[in-house]
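For reference, the structure I am asking about is given below.
By written order: A, B, C and D. Residues from 1 in each chain.
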């Protein structure tokens, strides 16, 4: 059985572009982050906003890296594939690939840790989240 | 002789913060990028805007990575140290450390390539730029 | 015959929110602008990016105003209704209403002028655009 | 006796610019907001972050309007003058003018109301704030 890839679509516009007529580098991590936020919403039912405010679970970033392969422009929708790569005791890692028109534009890795949101103290991943997302790991 | 570190100061404000009451992760690469842009302005005399528009030299990013050590907040100015690490034939690499109140908040690496701006085609680093920035490499 | 209202849907997320747990004020004009950009794409076939780059037609803003009625949050999609209000000889005016969950969150007015994009000089609205958008004026 | 105008300086960069090679319209309200935030910090001692988190005083916006006179670019620093125009029982109004190189680039009006931050309920302006900022009104 193959897992359905999770794809989050983003509209890239004039607002995202710099004078080089491509999406500004600083926007690209934001696109990847939005895709991860949407991954949470789709798979767990809570996006970062609800996780933090309703469940007091925060997932601050400890690492991100990105390689840029091809410019992003408003000419095509941006399709961000989010792959869950690892679920540690209190951390979670994602790989994100941004594509336009069949071309890989950027790809990167993102590591979060679980914290008690209102104390910013590390905690284990909540059991219900672990049981939902565990099977979603992409080898 | 020691080189004077290049420090770019940024005002972090309410606008930069998310409901976790810290600067949003997606803002942090932008802070580092602004510091690199300011490094160009200070050392070469041209920021990215002038490099591109006045000299037709672009420096698109091919890579960035960041580790997040401690939250960034509006309580202190953000001091971004930019270190030139490597000047290749047609690439340039930076290390950036973001500090608040004496604490390292984030650090990361950034790699650009030189392009003919209006053609987006790789080129060698311009000679005058090479001669100015070469001696600035931080070992 | 009634005109179909133009509604552009936006995903509001954690990234858009400030420590007050609502979308930051500075994000709201950006949401309205994105909706106007999408209006162009839908009705004229060219968004601002294509208008500028492919047709050399720019539409810089000369005015915007916004009233904020109710906070915007990630709890609901943001539905932005864009109404074309006026098409002058070389200007165009929009009214935008942002709604979440049936509640008006903000509304405002936006005025652009037509320019030759690469000269930033005022020009008349192109005839084909005038003939397409003229009938879309909402009284 | 004349009052010293309050001027907040902003570095405009590549990141702020769109393919028209000028600061994107959606950035301009953000520049004005940052200037108002800095006004609070300078005159009251608390920026929005501290007002909200340390004093439980919020100042959400109910209105903003902006007229755009001349493009903003990275060629010059952006000097934002903030004038306090009115202090109502539970509201406060500002006029902001953004200038570059001696030219007025934009100007606009901004109205906030005072709320109990963690309840988002309207309140009177705190007495100490009233006494500090009252004399700063620019006729």
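Definition applied: a contact is a pair of C-beta atoms (placed from the backbone, for glycine too) under 8 Å apart; a residue touches a chain by one contact, two chains touch by 3 or more.
All values reported here derive from a predicted model rather than from experimental measurement.
**Q** What pair in A-C, A-D or A-B shares over half of its contact pairs, by residue number, with B-C?
**A** Matching pair: A-D.
**Q** Across the interfaces A-D and C-D, which one involves more C-beta pairs in contact?
**A** C-D is joined by more C-beta pairs in contact.
**Q** I'd like to verify one number: the distance from the centre of chain B to the centre of chain D, where each centre is the average of its C-alpha atoms, in whole angstrom.
**A** The answer is 28 Å.
**Q** What is the distance in Å between the mean C-alpha positions of chain A and chain D?
**A** 33
**Q** In angstrom, rounded to a whole number, how far apart do the mean CA points of chain C and chain D lie?
**A** 24
**Q** Could you list the positions in chain C whose residues touch two or more of the other chains?
**A** If we look for residues of chain C contacting two or more partner chains, we find 14-15, 17, 19-21, 26, 30, 33, 49, 52-53.
**Q** If you look only at chain A, which of its residues touch chain C in the complex?
**A** 11, 13-15, 17, 21, 30, 33-34, 37-38, 47-50, 52-53, 73-75
**Q** Please output the residues of chain A touching chain B within their complex, sorted ascending.
**A** 19-20, 22, 25-26, 29-30, 33, 49, 52-53, 58, 60-68, 71, 117, 120
**Q** State the interface residues of chain C toward chain B in the complex, per the touch definition above.
**A** Per the stated touch rule, the residues are 14-15, 17-21, 24, 26.
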